[in-house]
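You will see two complexes here that share subunit A, one where it goes with subunit B and one where it goes with subunit C.
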Partner chain A sequence: MTAAIAPLQEFEENFRRRLPNKLIAGLVMLACFVLAAALASVIAPYDPNKLVAYPLEEPSSTHLLGTDPLGRDVLSRIIHAARVDLPLAVTVVALSAAVGAVVGGIAAYRGGFVDSLLNGLGSLVQAFPVYVLLIAVVFALGPGARSLVIGYVVINWVIYARIVRGEVLRVRGLDYVHAARGTGTSGVRLLCLHIFPNAFRQVLIYMSSDVVLAIGTIATFSFFGIGVQAPTAEWGAMVASGRLYLTTDPLQAIFPGLTMIALGLTFALIGDGLDDHLGV
Partner chain B sequence: MSDRSRYILRRVAGLVPLLLAVLFVVFSLLQITPGDPARAMAGHRSTLEEVAEVRTELGLDRPFFVQYVSYVVDAAQGDLGTSVRSRTPVTEIITSGIPLSLTLIMLGSGLAMLIATPLAWWSATRRDRFADHAIRAYSTVTLAVPMFWTGIVLLTAVALPTGWFPVTGYGGTLAERARALVLPSVTIAIAQAPLVLRGLRAEFLRIQESDYIAVATASGVTGLRRLLRHEVPNALVPAVSLMAVSVPYMLFGIVVVETTFGLPGIGQAVTMAVNTKDFPVVQGVTLIFALVTVTTYLIADIVYTLIDPRIELR
Partner chain C sequence: MTPSLEARQLTIEVDAGRRSFTPVEDLDVAVAPGRALGIVGESGSGKSLTLRALMGLLPPRVTVRSGEIRVDGEVIPRSTSRRPRATPGVAMVFQEPLGALNPLLRVKGLLDDVLRAGGRSGRKGTEERALSLLREVGISDPAAVMSAYPHQISGGQRQRVMIAMAMASEPRVLLCDEPTTALDVTIQQRILRLLRRIREEHEMSLIYVTHDLAVVNEVCDDVAIIYAGQIVESGKAEEVFASPAHPYTRMLIDSVPDVAERLDDLVGIPGVAPNPWQFPTGCRFHPRCFMAEPSCSEGPAFTRRQISTDRATACTYAEQLLDLSGGSDGSAA
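The block that comes next holds the complex of A and B.
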């Protein structure tokens, strides 16, 4: 009996021991952010868009982080902004990865002309400095979150396509894929069941560091006024509105930035942890 | 003709279709705009005549393909159109912004190297000890800090209390301009340094374990002399290529920094054009930035083959 149980315990211990602290810390922080975003209307002391006090009040017991230039509660706006920034950052990265995976998978699987065509398309996108092209696309489509998502996927799918293409080509040559093909597994089934899951590891690691960049970029675009539009609470836009009052009330611009950095660090920790855990 | 010159010629010739495609993308920006771009540019209060005037001026009343060809022909002659706001030729707006933006890029990357090189060396020398972990944590943290926010913090924490640097704007005299460039360059350097730091640390680790350093140490070359004569020069070649790869980010960096600090370079020109719906300027700057990126990559590739003749010329 013990002989049968021992390997299982060993496996469990290994599994537990191997989860790096960074990954656990990152996941706990992420859980806090997700909870705060989900329960924003319960946690936040005030309505983020209501004028609840005089403009630019200093932090006090009634308004922990003070009020903004219109008299809205800064803390409530920061909490509510998590409902905008967090899903937006995750969405743009997930969509880019999905589009990239499909394109990269097709390129690697079909090879030949299709591969060169898709590769050329990728080189064309990379001929532009990424975020400058994003500015141009968002500008052309008109400011707002929807344009930001579309533009982001347009500039960002290439890296995922390149990763997936490389991984698929690598995995395709491995023995178990030959074996599966030998037993008559069809093309699509082979790609979805045997090849993609193995290519997924690299993509996942890259995605978590990509979210860090996405959070910063979304905030930057909103800071410029072409991202998330007023009156929606968004960290970058809050910094932009606070920037006019730096002499009298610098905290206006500082607090939303700190929150955004904390979220970025969360994903950086998850990425580093995943890299330690899954990396080769 | 040698293999190398044939390679360079082929690479340069390969740019032509890429540039045509780049021009097509930039040109198409006008086409993906929802609604009537002429109307958007003329402004909300414009009369029908004014809208029609803008449309004719931009050639929007001609067939798509004709418009594209004439856009390419004009661009090849250095004519990128005229700003619909200031009525200045786009090329003039760009060339007047170049000196400032280029200075910022050079100061920013120079400063980034000055920050990154000692930190990378220290981190590699103290591998897996406290300093190493601290320095690597620094590079992770700074990646999560957007440049516009670094700029705002520097303004709040340095410019306002000391009064040494202007909060916004450029100034007329050389001294004023020099002071206006300090904080923006520091902002770029803070964002740029961690990107170079990681690569440089790996490079120093490789060098410190290499045979020639062992030989140098054995023959009595130690301390500062070994560092400056053997370690740093060998790490610098990869460092320069790391900088080349980061040029596209640098270009976005000057957009952010010039906008945050109110400096009249190409970067601010593009955000101002975005906010005033000035299509020709946005198109022109996007095109120029793409040209810079493509050229940088090409030069980097060619320089590689010159530095290391073993690289296969494909």
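The block that comes next holds the complex of A and C.
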């Protein structure tokens, strides 16, 4: 490294230092959640599905968050539920984004009739109230996590398709893409090297807030008993079973609820931080 | 001599939904082998569009409606914005280096992409070639710049990288769209010197689009003055600047600020350039011209006529104007 590039090092250091605090906080929190989920059987003090004490015990040193109406350890169940909720939410969002990216990419790239057709299809899906459509799909396929994922993707791809379409159109108008096209860079190479990577920043930011929505939706459906099925520990289902005791033992619903709020905050911080950092 | 690159009767159409208009109409421009041509005009005169049409890379919704582009006398099939095709043997340096460089690729990747698109070398040869290109455009530490992203290098270096990318295809004609407008004067000076050097070494032709007369004087042999989508005057740069044969050229020269003079002494040109969807009839410059006669506003757009071997002007009263500036000592140049 010589003088010409010395400012570069300085810049890179600056750049790293200026990684938004929000983003760092969010990533640290996410790491905690992921670790908890991955090491659930090690960290959790009890088996989440075993009856280990009397029902509805108050938090104590043996059961930090108390026990549920059946006498299972609440903390262990909350930790194990992360194994269900996190992968489910991430899968749902990743699949939606993937489908949306393909559809949006094709719409923008082909233009004309194909574009109108795919746009119309998207509008058709969006014309239905989200929950009505989702309930219909879940009932048609039978309750369970798999149906929930399929139903969610069927609805959710539209937003990603819209974002990707708009971004691809924007990026495609930039000089470097135009120049690359003119000099004979082929379709796939052009898409993978020049267009998609630059169109994907918006998607990334939206994904992080979408995870929060997905977790909420999964919990809602499990709360109503048509999502993740008992006895699997799931935050929404835990809130549901706790709501019967809301007047006498409000903590039953509060602890899993707080966990979801914390996870929501995590992804909100990541999304916000990414937004600042990528400066879209 | 056959021009290296030439546009004949070029008409460019912009499709703006219900109405369309032609910001460039029946424009003729040519650059001879090994020479540098400056195209000078105000914002919105159609100079950048002309350059892009010559490059074969028009933005979406913009098309060449009529006329032809020739390379060494041969007509090039028309490029469309849906399927753009760069004119062979021609490369371009863009105005805004940040928009013209993919922000997610390192300089190495940028050069690799153009080198491989040209199909000139295999994977192994490209790195060597990329390094030598960077060295050629005067980057003192090519290895370090290779691994940097566009936003990490300075504006001057970015412009050099872009010139290197343009040179990668070994073009015969290099098109420059105001490549130094975003740079400060000292860096601008170096980039201009670099352009002159590589042009001489590679015996390339150059077309340089700008609104800066001083830059044209420095880099170009010939000059074409563009107004409202048409060339109003053309000729050798020094002759045109010494004794303009079109009132617009005259007024352009007079409105260049002199560092030593105060701004309120500036002459300037009254009015603004016309919108491309409502060009005036007759001579398009007549509403702003200081020597316009009633006849200037009549008939179709004025076309250029030859007034000496390599000079042409669209002004009917060019001779009067020449007498006028011949009377003074030509200090405007």
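Note that in this section the second predicted complex is superposed on the first by the 275 of 280 C-alpha atoms of A that agree within 3 Å, B and C clash if a C-alpha of one lies under 4 Å from a C-alpha of the other, contacts with A are read in each partner's own complex, and residues count from 1 in each chain.
The rule is short, and it goes like this: a residue touches a chain if its C-beta (ideal position, glycine included) is under 8 Å from a C-beta of that chain, and two chains touch if they have at least 3 such contacts.
Computed from a prediction, not measured in an experiment: that's the story for all the values here.
When both complexes are superposed on subunit A, subunit B and subunit C sit side by side without a clash.
Contact with subunit C, but none with subunit B, is seen for A:198 once the two complexes are overlaid on the shared chain. In the superposed pair of complexes, A:187 makes contact with neither subunit B nor subunit C. In the superposition on chain A, A:123 contacts subunit B only, with no contact to subunit C. In the superposed model, A:174 makes contact with subunit C only, not with subunit B. Judged by the number of subunit A residues each one touches, B leads among subunit B and subunit C. Minimum Cα-Cα distance between subunit B and subunit C in the superposed model: 12 Å.
The part of subunit A that touches subunit B in the complex is made up of residues 120, 123-124, 127-133, 135-137, 139-142, 209, 212-213, 215-217, 219-220, 223-226, 236, 239, 243, 246-247, 250, 253-254, 257, 260-261, 264-265, 267-268, 272. Considering their complex, residues 55-57, 59-60, 79, 84-86, 92, 94, 96, 99-105, 109, 113-114, 117-118, 139-141, 144-145, 148, 152-154, 169 of subunit C touch subunit A. Per the touch definition, subunit A reaches subunit C in the complex via residues 1-2, 4-5, 7-8, 11-12, 173-185, 193-194, 197-198. Across the complex, subunit A is touched by residues 18, 21-22, 25-26, 29-30, 32-34, 140-141, 143-149, 152-153, 155-156, 160, 167, 247-249, 251-252, 255-256, 259, 270-271, 274-275, 282-283, 285-286, 289-290, 292-294 of subunit B.
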